[in-house]
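Here it is: the structure, laid out below.
The letters A, B, C, D and E name the chains in turn, as written, and every chain counts its residues from 1.
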Amino acid sequence: MNASVQHESKTHQAVLRVQGISKSFGDNHVLKDISFDMQKGEVVSLLGPSGCGKSTLLRCINWLEIPDAGHIRLNSERMGYAVNGTKVGDAQLSKMRSKIGMVFQHFALWPHMTVLENVMASPLHVQKRNRKEVEQEARAVLKRVGLEDKINMLPSRLSGGQKQRVGIARALAMKPDILLFDEPTSALDPMLVGEVLEVMRDLAAEGSTMVIVTHEMKFARQVSSRIIFMDSGHIIENRSPEEFFDNPQTDKAKTFLHSVQYK
Amino acid sequence: MNASVQHESKTHQAVLRVQGISKSFGDNHVLKDISFDMQKGEVVSLLGPSGCGKSTLLRCINWLEIPDAGHIRLNSERMGYAVNGTKVGDAQLSKMRSKIGMVFQHFALWPHMTVLENVMASPLHVQKRNRKEVEQEARAVLKRVGLEDKINMLPSRLSGGQKQRVGIARALAMKPDILLFDEPTSALDPMLVGEVLEVMRDLAAEGSTMVIVTHEMKFARQVSSRIIFMDSGHIIENRSPEEFFDNPQTDKAKTFLHSVQYK
Amino acid sequence: MNFYDYLSFVYGAVSTIGVSFIAIIVGIPLGLGLALLRWAKVPLLGKCAYVYVSLVRSCPAVTLIMLIYFGLPQFEISLSPLVAAMISFSITATAFNCEIWRSALLSFDRSQYEAAQAFGMNRWIRFRYVLLPQVWRSSIPGLINEMTLLVKNSPAISVIGLLDITRAAQRIGARTYEPIPPLLVGFAIYIVIVMLLIKLQKHLEVRIRSAQEPL
Amino acid sequence: MNLSDFQIIYDERDSVITGIQTTLSLVLVSGLASVLFGLILTPLFFSKVGWVRGSIEWLCSAMRCSPFLLFVYVIYFGLPSYGINFDKYTSGLVAMIVYHSAYMAIIFRSAWVDIPAEILEAGTAYGFRGATLIRRIIGPLLLMRAIPMVGNQWIQIVKDSAYLGIISVFDITAAFNSIQSIYFNPFVCFIVAGLLYWVFCLLIELIVNLVARYARERIA
Amino acid sequence: ASTVDEIKAKGTITVATEDNYRPFEFVQDGVSTGYDNELKALVEKESGIKLEQEIMPWAGILPGVQSGKFDMALSAVMVTDQRRKVFDFTTPTAASQTYFATKADSDIKSGKDLIGKTVGAETGSAFLLELKAYDKKLKDEHGEGVGKIVEYHGYPEAYQDLALGRLDAVVNTDITLRSLMEERPGVFSLGEPVGEPGYKAWAVKKGNEAVLKVVNDAMLKVRESGEMYRLQEKWLGAKNEDMPLDVN
């Protein structure tokens, strides 16, 4: 993979290093030797046809799915393993995970908590930070996504776009080193997509490090510093948005771009 | 409404006449004096922001929702009423409805019937036509939507795009005078939208009379003979696609076009 | 235990199964009828169905069977214990089946039903070709589960002197002053009956699931 | 059936009240205890240790297969052979709690399984684990989702309590059976008993509905 | 109610018999047998009327007769004042007195020893009422009575509880208790009477004179012929030849 070679020299700055990740479900070889690096402040869009393994890759990054082979390094700390190379326990793993913010396609808010509680839950109960401080920050984050007036509502009362903005706020509140987005707008009404993309655009502009799986091509092009295109478990393109969209190298990427831009 | 005036003279040819339809849910006045006509072979796209009453209007047309005021005439027969002006019963209403084909956002296929049975159900049990003939026609219709090899499958085994094509085949099998589509592609994966629009494009080309609620602007523009734009229960534009898209008259339409094309 | 003791267990098993079986046969269609009354919100009858279900659902099997057997003769309706047991169990089964049918009806995907309406199907055709086949399938596990409940409630019939499995065990225990062995035999018989029903339920669930996945 | 029949019941109100008290205390204690034990048992279904999972499943299917009355007999007449000799009220209570805890555990397990996977996964992704995950996320969702089923089971508890009359626990059914066998007014007696049970169950439904309304918008 | 002629024409009477009341009536090897059942055969033969029998627990028998479900309780029904108000009785089938029984090693010897103890009896039985009356008597004489009275659906459970030590004593008719002593020698022992001497008889609903007459006429003949006393000796262990003819 020339992608990983390309960044090999900058290892010490990389926020995220994905090295030779493979993963199978039974006979289904879903990820095949995936490697790439991300620098601080980079925004990578992960594109590819349905079933090519994008979600599985994100889930491997924060160890929700345990890869069959390969390493994930976050700030040079190896996910799932202690410094001495032994597997870490649940407690240590939780700590590592809390440095990765994840935004889900179907929001996955905790329905029994209010908006504020959703955002405060992890800093409070996992990071065990001071309640007052956490609340202040949570309010600030919610203001940032434009939801300061929905703070005490239950998720069930919110529109899809608002739910997803809570999802983003929840991820931000942990002060993660990197944000993972798994199709954050594809469960939304077309009219509500804009408000979520807006928030993500701001985050990108402010220098957050993000991996985004999306079907919004226009957005991906505008916001990404790099596009990674996957097909059946391989990374087959890993280039700048302009290069990728204007001049795709592989047939697979051409077909893909044709089909999503068809309408 | 200049739209209804415009077509007043051609009444005798109109397939569908919508005359002064109003409908409230409690305090929520959803449709306010809606009128328009459709000639044979016309394709009308019904656009408008979420909640403006598009679905409700379609449901009023085939009397799934009973309007508070106004008439629906299909081939000059009045929906829901007998010639002498009395309300018709379930049986008579069913007959009238079987002349209107409807395609649903979430497909609404009958999951316990195979593809073929779904398509044959209404001609067989409602129109009580001869089984052999119905089966022949159903196979032909399924071929037309490209599903001749899925005939004996259950809907649960199909992809979204295939499901929706069955939905269209089911509507066609009744040989309806008019087809209603309520966001036929918005529950589909972006990759599968194309195959459904393809089928609809063919139908339009072959001269079917269709009302289409959709968020696919490019498609609406290509395929429609007329665009009706609704906002909070009113028709506020009713013009040719070129006029509407290139030169919207109202601010509402401008905002709407901006927001859906934003991404 | 002697030969007659085993015979009395067989006799008890037959009456346990028989009474439950009759109750199911009666309860399934009547329950469906009540459920439809409630589902369609038929003005007065729907409410009556609700009260019926609520009352019967809360009445213990023992109490209901005593009411039927000892109470009805007051109105010159004199029933044999077997008939009284069957009626009392059918009353219960009807109420419970009504709830099972109703929840299947309520969770029935409305848009499909509307599709049937939109495609010109009248009330009967909608019921016969769209509603019933699906509701039937989604009710089967509940209905079989209800059968196991009926079987497990069958010891109630011993209160009016019918020889069910429990009563058989109890009589033998009372005679031999060794209560445990006959109780364990009774236990085993129930386990076999209920296990068979649960097997059937699992079998049907698997078949239904493979035949019909949610849309 | 006439007024004097009701008069008889009124005259015998002492035993009726005793019966109501007995049923009420049985239902309250075993209702709450079975929820508690059910909650304690539920995580065992998800244990990583095979025999733990196996034995909890065995226990629950044994309870699902056995009629309550038979179970009561075994506890009441069987246990003394092994030196455990509860009085009849305690036997009844123990039988109710053991029997219905198994059912509650089954209910909670299915509620647990029904929680959308993504929501639990979000918990894991955000660093929740073990006891914190159960306490903050799984637990509240589990309880709220199970409410209607728990209500149904409580009604079952009320009904099963009537069997305890057969081992001479003086509950509502036993009280009225005693009255009717002295005064020969079975119809009135059992109608009144049935109505009393109805009131019990309506109360349960009322409470459950109140809680369910609170829970409805909090369970996804 | 029908007349004597109607009954004779029809040829049957429906009767209810208890299923577990040794030695009067009980099920043995699937057949209902015992003193009352053999007496029934004699009465049928004498009267030419068939007595169609339902077997059920005690709790259902008197209510069944009272509500008209059965014509007669063909069972050893204790004759009490309260029952006389609702039922008419045949000529008595046996003399009976209510006794208590204890475990063999019990230190309860006399009725007075029951004070503060737990005593069991069957729901709706005459023995329960006699026990309550005795309890009242104890209270009047000694200031305190029986500790606790427990009602049972049937005697088998009561005997089991007695054996397990949950009960200190059970009250029942002397006849039944004697048969219990024979069956389980060394386990239980018979105590003292707690009631007045009384009689057992078959019962019909008050005013059902035709049935009573048909049965009673036959039964009186069986008694006169000495057949009844023979059966008493066989099943109850003693002849009760000096019982009154009418106990109503």
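One rule holds for everything that comes next: a residue touches a chain if its C-beta (ideal position, glycine included) is under 8 Å from a C-beta of that chain, and two chains touch if they have at least 3 such contacts.
Nothing here was measured: the structure is a model prediction, and the numbers come from that model.
S.K.: In this assembly, which chains make contact with chain C and also with chain D?
M.R.: Output, common partners of chain C and chain D: E.
S.K.: Which chains does chain A share as contact partners with chain D?
M.R.: Where chain A and chain D might share a partner, there is none at all.
S.K.: How many links in the shortest chain of touching chains run from chain B to chain C?
M.R.: So the least number of steps between the two chains is 1.
S.K.: Looking at C-alpha means, what's the farthest chain from chain B?
M.R.: Here the answer is chain E, farthest from chain B.
S.K.: Could you please state the distance in Å, as a whole number, between where the Cα atoms of chain A are centred and where those of chain E are centred?
M.R.: It comes to 84 Å between the two C-alpha centres.
S.K.: How many Å are there between the centre of chain C and the centre of chain E, using C-alpha atoms for each centre?
M.R.: Centre-to-centre distance between chain C and chain E: 38 Å.
S.K.: Give, as an integer number of Å, the spacing between the C-alpha centres of chain D and chain B.
M.R.: Once rounded, the distance between the two centres reads 53 Å.
S.K.: Which residue numbers or ranges of chain E touch two or more of the other chains?
M.R.: Correct list: 59, 63, 67, 153, 157, 160.
S.K.: At least two other chains touched by the same residue of chain A: list those residues.
M.R.: Residue numbers touching two or more other chains: none in chain A.
S.K.: Where in chain C do residues touch two or more of the other chains?
M.R.: Within chain C, the residues that touch at least two other chains are 70, 74, 159, 170, 173, 179.
S.K.: Quick one: which chain pairs are touching?
M.R.: A-B, A-D, B-C, C-D, C-E, D-E
S.K.: Using the touch definition up top, name the residues of chain A that touch chain D in the complex.
M.R.: Touch residues, chain A against chain D: 62, 64, 90-91, 93-95, 97-98, 100, 102, 104, 106, 108-112, 121-122, 125-127, 154-157, 170, 174.
S.K.: Please name which positions on chain D make contact with chain E in the complex.
M.R.: 77, 80, 85, 87-88, 165-168, 170, 174, 177-178, 180-182, 184, 186
S.K.: In their complex, what parts of chain A are in touch with chain B?
M.R.: 49-50, 186, 189-191, 193-194, 197, 215-216, 218-219, 259-260, 262-263
S.K.: Within their complex, state which residues of chain D touch chain A.
M.R.: 116, 118-119, 121-130, 132, 136-137, 140-141, 144, 217-220
S.K.: Applying the document's contact rule, which stretches of chain E touch chain C when the two form their complex?
M.R.: By the definition above, chain E touches chain C via 19-20, 27, 29-30, 54-57, 59-60, 63-64, 67-69, 153-154, 156-157, 159-160, 163, 184.
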